[in-house]
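In the two complexes that follow, chain A is the common piece, with chain B as its partner first and chain C second.
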Partner chain A sequence: MQAQERSYKSQKVIDRMAKKLNRQIAGSLAACVHCGNCTDSCHYVLANPGDPTYAPAYKADRIRRIFKRHFDWTGGVLPWWVKAGSVFTDQELEELKDVAFGKCTNCRRCSLNCPMGVDFAVVNRMTRGLLVSVGVMPAGVAVVSKDQWEIGNQMGVLKEDYVETIQWMSDELVEALGEPAAAIAIDKPGCEIMYTINPREAKYDPRTISDAAKIFHAAGESWTMPSEGWDMTNFGLFSGDDDLGGVVARRVYEKAIELGAKRVVMSECGHGYRSTRCEGPNWAGMDVPFPMESSVVTMLRYINEGRIKVDKTRNTTPVTYHDSCNNARSCGMFEEPREVLNLVVTDFREMYPNRAENYCCTGGGGAMSMSEYTPQRLKSAKVKADQLRATGAKVVVTSCHNCVDGLVDLIRHYKLDMKVTQLVNLVSDALVIEKRAAVPVTEIAAALVLAGRRILVVDDEPDVRTFLTAMLEDNGATVFAAADGNECLALARKERPDLITLDLSMPGMDGGKVFEAIRKDPELAKVRVCIITGKPELRKLIYERDVTPPEGYLDKPVSEETLLTNVRRILEITGEHKAH
Partner chain B sequence: MAMFKAGDIELEIDEDGFIQEPDKWTEGIATALAVTEGVDDLTDRHWKLVRYLREYYLKFGVAPMIRKLCKDTGFKLNEVYEMFPTGPAKGACKVAGLPKPTGCV
Partner chain C sequence: MTAEKKFKEKRISIVVDDITTLEIDAFVFYASHDLQLGAGFGSAISMRGGPTIQEELKKFGAVETGAAVTTSGGELKAKYIVHAVGPRFQEADTEGKLKAVTLNALKQAESKGVERLAFPTMGTGFYGIPLDVSAKVTLGTIREYLANGQTKLKEVVICARDTRDVKPFQTVLESLS
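Up next, the complex of A and B:
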């Protein structure tokens, strides 16, 4: 039999695959048993139930067959049994492109749900990288990659335009606050923080830059924005091109080293966070000598340390939180954004599923820059639309610019009455600006921060009552404890506490009814309520009651730090809830 | 590619609704595109912004930075977002007949 002739590009793809097969990829290619668990975890499949070509295992088989044929011994012995195959024509590469770029956002939800530990997203990213290496890619990916290679950021923003934009935001902030010290310093050496952003902030919507600057200023932070190496996004993650990934990440690291910054903080961008903080050092082959963190973590730290003050009653619209795949599933940032939300909004409703199990915004993996796949992207977004609608929230918060755009697109397509925003905007809105430098951390720890406060702890579990009581008393509060709803209401009327911490699942009268009874009792109009429950899924049931929502809502187990921060913030809120 | 009709003109648009031939742009097309971006009535202020974007694009081949746009037209940042709720990148650029901006937008 005469061997089929192979195109030059196809041969290159096969040759280069040999170099890409690390243990993780080879394991993922070898281990699939086609059990079908991944099928139900993919939003493309769920929105296209009749189309098996969206199944992660099916998509992986497009590249797995080549692996079996050329690199795995099973393909040499029993090629027909293991469905080994190859690529021969440029047309086949185009078809592979439509799978790797058009039918997967690399969100890794299937990876998380694979009992065999197959990470389809790394296989898909490798496939993208192989295709890109022979010039087979969507036009949008090519344009953006070129800008990142040549100009140094993904939107081709020139240095002078970037600097002028930062100065513009700086001037407006100084004017708004009447405070020259609020100016944004560019390239200031020796700062605690070098702040990096997503180019869309500079090019199209710099409001997030001024909001972040306002927060840094209020915290009395020593910070700067670099004139170069300021783009922390990285199309190398999307295109699978590790060389591009390394060049882009290195620009950020080298600039931070040059400026002597002690820490790099990244604005809310999921893929940028993952690329710069988690993948970049590998791509760049560099030991990065400073910590890197998301601005979400920075903002939470400021609130916890008392460096900024926030008033959550300024954000009363019901909000839900969308976990970005890169922040949450790939980098484990679940709780920090929720802790911030608990402190800056009055009505936060969980979306289901959430955290690592959340569905993709459907615009991930660079999908927003590939118009050719927009119709199938929007069709698959039905899953996300249903999920958003079920929350009943009017605002969806996300810590990812890519998710912002993906969500805005699908909200419009499915005509949902929702807005999209980011934590930096909400923190900025809730920010209480005081005259410079807040109280140093050590002093806060030294003083009894809850001295003079009366708190009623309600929980049916004695251990929890003891734990909460001890922590609150240690910080100076006078604490009463109740084991059920009736006892709670009786004690509340007798002792008139400033705050009630309320469990939801209790024998007898459940916490929801107790909460409503507190709210409807005019004598208890000044009492604030913080729900502390092991059942976060009950959140919506509480917020949907026709009474003023609770001032706080914490999930068990609750740490001492989180409890104290929230209790302090809640007690700082003045005013009575509306009588119903 | 899908076709977009405004009056008796028919133009190709990409899957995100951006027209593909900027030189065939007309004010009638702009008015019709604006409706797809949730702007039912283009006021003089809208037109000022749209014409600026179009002229800038024809001259330089790219969309301007929001800084340039605000500086040259005198609009405040928030006014731009009030006029085009979907923002300058998607809303205003689409109406002005520019191609879809590249990158994470």
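Up next, the complex of A and C:
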């Protein structure tokens, strides 16, 4: 029998597959026993009962057969038994494209429900990458990929338009708050935070930028937005193009290093969070020298540390929360958004199932870019629509821009009486900005704003003690200083300060133990505490303790302005009190 | 300027920048067969350069791989854009086609009297040509062309989009004599 001729592209797909197989993918391709447990976990299956071509195991078999035929010994010995097969024509590649891009959002719900540990999403992503490498991809995927490769973000926002949008938001915020200090700095070196966003924010939803800026300002944060490397989304995650994944992640990391930012914060985007924080370092082949976190975590920290105040009665509409697949299922961020929600809204209702078992919005990290698959995507969205409707909520909150678009689309399609919003909007709406924040530090300082206040400075480094003592005394405070935990507790009991500034890393009793001792001492329990540390990794010394969190938290080195702003906030000294 | 090398009175340099914003006589755009500007740098050309560029391309219709055509730079800083259709996505004979399109782009620029011409890292990125292949073929072709005493070209700039692109091109540039 004459061997079937293979097309050039088909051969290239097989050749490249050899390079892409790793243990995770090979394990997922080899381990499936076709038990069917994945079937009912897929929203495509649930919305298309009776159509087996949507079953994850069936979809995986489209690429598994090629693996069995070319790379697994079982396919060489018993090809009919293991259903080994190959790919020969460009038409077959097109059919594979319709499966890999059109019948799966890579939400990984089936992966979590597989008793064999098969992760179909990684197999599907590899398949997408193989197809992209020979130019077989939906037109929308090509456009978005090319924009991100060449313009630098996946929505083709030009640098000048991005900068103009930031400046516009900045000007509006400054005007609204009446505070020049609220301006958004671009490329400011040496900040605590470099804030990165989804290009959708610059293009369609700039309010999320100004809301975030408002929160950073209220928290007294030192932050900046970069002029390059600002897109923390990464279409390589969606398209399977690891090279794109590496380039995009590297842009963010290199910019943060150039600016000397101590931390990168990503706005609410599941796709961006997973690709930049979790997958990016591997794609880029870089050791990233700074922590990265979702703005959800940042906002929660600000509230818990008392750096911002929120009033939940400003958000009384019933809300529910949609877990982004990338944030939740793939990165384990379940509780933080719920903690924030419970602090900023009065009526939060869970949808069921939730957390790791929540259903995909069908926006799928980029699925909205493929208009040819919109009908089947929206059909599969019935599962999500039923979930949303059952909550009775009027607002669905999500920490993902792709999910925002996916949810808006399905809400319109299924005629649900709901709106979509994000945590940053709700936190901003609940934010209590007191007039004291508007008073320039220099003006207050001139009036000895800390007059009459008793502050205990605790630090084992003499230079730091001297520096903090001088700044606080210059502003009118009566200052006591201690070099270790025992001295701190003794002085605190003797002098009864209004505030203790507490270092964490000290010889003998560390700051965490000192803090717990303060909180558990009935005489000292209500003394306000501001942690000032040069080792942020020691935060767990504080926040893992079962006591009331500190009223403030500052990282060293601390500037005079930051120190005074925070001391005033903690001691609730407003601008009107400057006659002290 | 990331790197440069002089060859008598000619110069080849490497920079990291957005090629559509360069102040230069002409730059090469890695075009598609139908000469639609499309996404990526094509979108930047449309938005920054205005609609006349796509209008000018209409007269050429569709072109084959290896061909290059020239339009004005519209409202861009560059006076001309050389639209060069190179190989893509692991296409057969990538190196041969890349050499041909690079040479045709140089000739197009020459025909317009260009003295300073910028190339992108031809075919890398979205179209998937490996950086080392692109560097070897395009720089080799450019060097060969500049050695021709008849050319009016004085400087060729390789404009990299990302820092990762620089090293492979720099390595090849340093090896050229």
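The working rule: the second predicted complex is superposed on the first by the 433 of 580 C-alpha atoms of A that agree within 3 Å, B and C clash if a C-alpha of one lies under 4 Å from a C-alpha of the other, contacts with A are read in each partner's own complex, and residues count from 1 in each chain.
Here is the rule we use: a contact is a pair of C-beta atoms (placed from the backbone, for glycine too) under 8 Å apart; a residue touches a chain by one contact, two chains touch by 3 or more.
Only a predicted model underlies this, so the values are computations on that prediction, with no experimental measurement involved.
After superposition onto chain A, partners chain B and chain C are found to sit side by side with no clash. Shared-chain residue A:P206: touches chain B; no touch with chain C. Looking at the shared chain after the overlay, A:R251 reaches chain C, while chain B stays out of its contact range.
In the superposed model, A:G156 makes contact with both chain B and chain C. Taking chain A as the reference chain, the count of touched residues is higher for B when chain B and chain C are set side by side. Of the two partner chains, neither chain B nor chain C is touched by A:F467. Of the two partner chains placed by the overlay, neither chain B nor chain C lies in contact with A:F88. Once chain A of one complex is fitted onto chain A of the other, the partner contacts of A:N198 are limited to chain B, with no touch recorded for chain C. By the touch criterion stated above, A:R412 is placed in contact with chain B alone, chain C being left untouched.
When both complexes are overlaid on chain A, the residue A:F334 reaches neither chain B nor chain C. Once chain A of one complex is fitted onto chain A of the other, the partner contacts of A:M368 are limited to chain B, with no touch recorded for chain C.
Of all C-alpha pairs linking chain B and chain C after the chain A fit, the shortest spans 5 Å. Comparing which residues of chain A touch chain B with which touch chain C, the overlap comprises 143-144, 147, 156. Residues of chain A that touch chain C in their complex: 8-9, 12, 16, 133-135, 142-147, 149-152, 156, 158-159, 243-244, 246-247, 250-251, 254. On chain B, the positions that touch chain A within their shared complex are 14-16, 18, 38, 62-63, 65-68, 70-71, 77, 81, 86-89, 100-105. Interface of chain A with chain B (complex): residues 140, 143-144, 147, 154-157, 161, 164-165, 168, 198-200, 202-207, 233, 269, 366, 368-369, 371-375, 401-402, 405, 408, 412. Here chain C touches chain A in the complex through residues 18, 38-44, 47-48, 88-90, 92, 125-126, 128, 161-164, going by the rule given at the top.
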